[in-house]
Amino acid sequence: MRLSNVLHYRDMRRYTKNPLEVRFEELLPLKLKNKVSGKGDRSKERACVHEMSIMFACFKKNEFDQSRCSNEINLFQVCANKHHIEKFKRKQNIREGNISLGKDNLTPREINYLLKKHPNP
Amino acid sequence: MALFVKHLRLGLIVKHGFHPLPQLTAAKYSVYPPHYVEPVFKKQDIDKLQESGEIENYKLVPFKAARSNDTCSVFHDPLVSKFINYMLKKGQKKIARQVLENTFEKIKRLQLAKYNRETDPERKASIIIDPVIIFKKAVSNCKPLLKLTAVKRGGSYYQVPVPITDKESTFYAMRWFVHCGREKDKAVSFADFMASELINASNNDGRVFKKKLDLHKLCEANRAYAHYRWS
Amino acid sequence: MSVMQKCVMIRRTANAIPINYYQRTWCSTKAAAPTDEFRVLNLKKKFVPPQSKKKYTKTLLLPPRETAMPVDQDWTNVWPGPKTFHPASVPLALRQGYDQKRAPPGKYGNAELMKIPNFLHLTPPAVKKHCSAIKKFCTEWPKGLETDEDFDKHFPMTIITTDYCHSSPTIKDPKARIVTIKVKLSAFDLDKHARDKMIRLVGERYDEETDILTIVTDRCPTRKQNYDYGIYVLTALYHESNTFEEWEKEKQEADMEHYIWDNNVSKKAYVALVEWPKKVSDDDVKSFSIENDLVGQKYKDAVTELLNNGEDTYTLNKYKEAVVGMLLPQNAQA
Amino acid sequence: MMLMQRLFPNLVTNKLCSAKILTNFVLRCTYGLNNVGSDDPGVEIPEKKIVEEKTSLAMRAYLQRATQYNSFMDQQIHEYKIGKRHLANMMGVDPETFTQKDIDAAIGYLFPSGLYDPKARPLMRPPSEVFPPKKDAEFDESGRPFHVFFYTGKPNFYSILHNIATKLVELNKFEDSLRKNNILPDADKKLTSFGSQWLSKEDLEKKTVERLSDHEYKHFVVAIERLLNHACAYKLTEFISEYQKPMISTKSIVESSPVLYTKDGRAYVTVKDCPRKDARADVTVYYPGTGKLSINGKGIEFFDYIQAREQILFPLLFTDMIDKVDIEATVSGGGVSGKAGAIRFGISWCLCSFVDPEVVERMRIAGLLQKDYRRRERKKPGQARARRKFTWKKR
Amino acid sequence: MRAYRRVCNYATAAIKQEAQYQIPTAARTDKTNPADHDHHDESKFYTIDPKTITSLFQMGGLPKPFTEQTQMFAETALMVRKPALEVIRGLKLADYQKPVIRYLLYGQTGSGKSLSLAHILHYAHNSKFILYHIPYVPIWLKYDRKEVNWSTTKNGLADIPLIAAQWLKHFKHQNEVLLNELNLTTSQDYVWSIRETTPKGTILNELITHGINRAKYACDCMDILLNELKAHCSNNKCKMLVAVDGFNAFFNEKTDLKTEDRVRVTPQQISMVQTGLSAVLSDWNNGAVVMVTSPRAALNTKRESHLPIYLCGRQGFEHIDPFIPVMVPELTTTEFNNMLDYYEEKRWLQKTGGRKELEFLTSRLPAELMARCASL
């Protein structure tokens, strides 16, 4: 529809002649959809990759002697642990269908759920 | 009418469509009802519970029966009994336990010989003779930090290093020990082989320790794929 | 070539015949005229409406018998003997079966109720009635048999048989043939030898604790035969144990139940010890007496007890004491 | 209900239908009345003429069903009462004093069934126990539902959810007011779910007289847990405890075996038939003792296996009673670990009578007083063992 | 995970404890000569010097696990226990003009019978007894690809020449010094074959050497040696102690042995067994006999009880009657604690505490205690 409108020669002419006369046409409904894409859910950066690389660098320097890299190892493990717990929590939330309350960035799943409940008028 | 009912049922599904299904499929094998709690059979643990006052919470909670290898004895060690379970074959726990005890005896013999040979009193004191401590040290020395998992990306599989939990790494270490013990020469007994292996591992040496290093090196080589992993 | 042709031919005929055959038969059956005249080929047959189905007349069903039963009826007349369950004649609101969602099925058309046995003919009033009916055949309770001791005294033998009661009309059961006879051995009045022989003959059937001999017979097909056999066995046992056979004299030390020190190696050893360094012969051993020898008597007692009562800490200690007293008198004094 | 409403327009157009056909039709599509239909062929269920004016169709259908149900129940009760009198007569007892207990005994005598499950045996019970209860009318004569949530289809269930939600809102308000006055809710009073569990789905179904789906039950659990975890939930203890049930009966915790005395004044306790796997043990513990142990007349050397010995030691060590008691045990059946487990169980229960209740509680936490129900798992067809599957071969 | 954390906690706790713990020392006695031991030394350890050990138990006599342990501890320490003291006291007090007194040590498996016997042997060795010591009878009778021949001299009996030669070596090793000192000679001529004879008046040492060299005649040599020694003892020339461990194996129903013509031999059919049986007879004086019955020496169908008559049977009882039965009981509490102290002193037992547990688990049997402590 949009294409046909744009291609319509007469209209084209009209538009080009006097830009002030351009009339607004509502081609798509002027409201947001009740849905967001779930693609942005997963962050591109994997967890703890940075810590891992630091650790590997240290390993390389010290020929894989763990005792000399205890600090790096510790950091990595703390990170991995934290990530693991977070993952577990997230999974549990999904399983139980929990919705976080009073948080500013919601996951797409939560947004979808809320939008479904309270759609745009 | 039947058609209508069908629609109705469909409607129900649609209604709940975006709720994930509860886990109905997971088969429950336990004979105890789900609200039964694992027993706390070590006296120290119960004392700890009592000190923190948590014991009040368990007043009305039913506990599962203690299993037949649990005891509050001083000599009982959960890690050791776990290791026995890992190394047993066809449920022959009696034999597995016997073999591990022989291993411990052997460790003690070797260490005692070392101890008696040593003349310097300071060094003498530093020699650990207790086989259980040696065993624990060996296991903790052989625990890997990472593991490799195969992830399919663009039609080919990549070996991706992934961090692992503490439990899993303990399991890996113990499994390597068991496999290493099984790959030994036939002329050597499991106990002898294992004893030397454990002592070596406790000194950051030996086959199992090498295996861990190999894994780490492989992980290091594949670290470029780290961002391929799920989550 | 010719063979093949033949085959084809055969096949054709094989195809052809049945069709014709059936057609013909069809014709013949349909056209079978009742007349005596020639049969006529009726090509344009008229439509004959098929015979209407036989109409079933609804049988008149009487209401179930239970509805007509008065509440104070005599049940023993309604159900006099063993019979399979019948829902209409049992006036109870029975149910049997298990269904997770529904109520258990009722008694009508419930085969489960017919499968299980019932004792509807043996209700307490029925039993009472039977008893009162046979009461006239009973005799008085004999005097002097009031207590159990009297009973044991006058009737030492107990015979146990079992009758099986079934819901089915037959009362036969293969287990009814088994007869158990129980007797107290003390009732037999046996002497020492006979009693010993009896116990040896009977073997496991004798219970030492209660002194009861139990004989179970089940080899004959009827109870009477089994009973007779049991009694026969008991009689035979009694007489056999009372006879003293020639070979019983050959009984040796090893067969004896009791250890007798005097004719054993132990005495010889003791005599040899006392008489040391003299060599002792068998006659010396026999003639040796320990009448005045306290140590020897103690030793004898200890050995006899050890071997008769079996070894345990007590008898072994006693033996040790005796032997130490004998061999190491200095030690015993100290 | 919606279903019925959808159906009724059809019926309205079909005015020629007689009342009888209508009842039959309705009967088929209502929930489960046919299940309880009389199995007596001779009984005709009397039908009341229904006043067709004013009343709504739904009400009419309901009334029909109700009368049908009531008359059916009346019939059943009548049969039961008559049967009871008959049974009393059969057994030669006075029918006036004939109780349900006597009925059960008499039925057990007359119809001796060896069926394993007692539920499957013949029975004669009052109909109120046999037939499940029905919901009462949910709307008035003009078809107006009584309940606000009538059109949800499961009014009782949703009213529970509604109650929970309103209470939650109230609590929030209460908490806000507290916080405004700078009072924090009391942390000590916070409720916990220890020792109790939520009503199971079946219980909730019984409570609401409605069939619930798994999702709905889950919703309920989520909602009430949220209520329970609220900081001010202690205000609603009663409401919450309505939907809780205890995990163990308090009776089973306290009860221990009675103490008996020997002739020389020693206390002893006997526990018989202690189970573990196929083994059964009878254990006697004498209290002032010196640590003697006899298993089938032998000492600890009855068991070669060290783990079995440790098992027998376990309760004694746990209660520090090794050289304070004498133990006698006879055990039969089963294997080595089964025997040891059975004796362990027996010793633990015996020791209960000789130690403080505090130690008994500790023993319970250590899992010594719980019967071990685990048995060998059966092998399944299509599998190599109990759980092990055959190796997967593509072809 | 939680379990693992718990594990780690324990480990650290154990290390901490060790730092504070004072390692105990076992009670020992200074008297190295068993003849001096009396009831004050009971339940204490005494050390046997290595020379005696090599001369006495070089070729068997001590249980294998015990020898391994002594090697590790670099000393041989025996506990002075009541049954051994009792027998030694008997040996001291006995009237040697009377026929020999027979002692029978019995007790449960692993209660320390063999070590008590070792103690007695040490005493006998120190007080110049000739030791006629059979280390462990079942070794003779167990299937070990042995060569079994029918005897040429005794009808119906079988020889095990190699084992007999081995035993003669053992005998020689134990008694070489004493035999040289005493200078005992044979009392008659022995003709082995046409070319080999042992004339009257030969020293016993030579007889034994002959037996060792010509294994064919070892069994006969054993028998002759016994008879000679018995005669010498009766003539007051020497004293002899006959010690038989695993005595009840003489009365077993069968052995694993087969002759070359594949006939199964019973123990009574073996000439060495007959010699052993004649050694314990009391037809000689100036000596003593100590026997040990052990359930482990019996066939594995007959190990229900450890009492002597059950193990030896009526026949065995009559053979040795009258004898002094000496029970070797399990350890007493002081003995038990001393034993554990000893192990801790030698760093063999690494875990402190849990003594009550060990007491219950092993029912205070020393051998079992040793096995239990091995992995702790």
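For clarity, chains are labelled A, B, C, D and E in written order, and residue numbers in each chain start from 1.
Heads up, the rule we're going with is that contacts are C-beta pairs under 8 Å (C-beta built on N, C-alpha and C of every residue); 3 or more make two chains touch, one makes a residue touch a chain.
Model, not experiment: these values are computed from the prediction.
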item: Any chain that touches chain D and chain C; value: E
item: Chain located farthest away, centre of chain E as origin (C-alpha); value: A
item: Chain occupying the middle, per Cα centroid; value: B
item: Geometric centre distance via CA averages, chain D-chain B, whole Å; value: 38
item: Between chain A and chain D, centroid-to-centroid distance (C-alpha), Å; value: 47
item: Chain centre separation in whole Å, for chain E relative to chain C (CA means); value: 57
item: Sites on chain A at which at least two other chains make contact; value: 97
item: Chain E residues counted as touching two or more neighbouring chains; value: 357
item: Chain E-facing residues of chain D, complex; value: 291, 293, 299-301, 306, 309-310, 313, 316-317, 322-323
item: In the complex with chain D, residue positions of chain C that touch it; value: 61, 63-64, 67, 69, 71-73, 75, 85, 91-98, 101-109, 113, 116-120, 123-125, 128
item: Chain D-facing residues of chain E, complex; value: 108, 356-357, 359-361, 363, 372
item: Parts of chain D lying in touch with chain B, wherever the complex brings them together; value: 3, 6-7, 29, 192, 194-197, 213-215, 218, 246-248, 250, 305-307, 310-311, 313-314, 317-318, 337, 340-341, 345, 361-362, 364-368, 370-375, 377
item: Chain A - residues contacting chain B, complex; value: 42, 45-49, 52-53, 55-56, 59-60, 64, 73, 76-77, 79-81, 83-84, 87, 94-95, 97, 112-113, 116
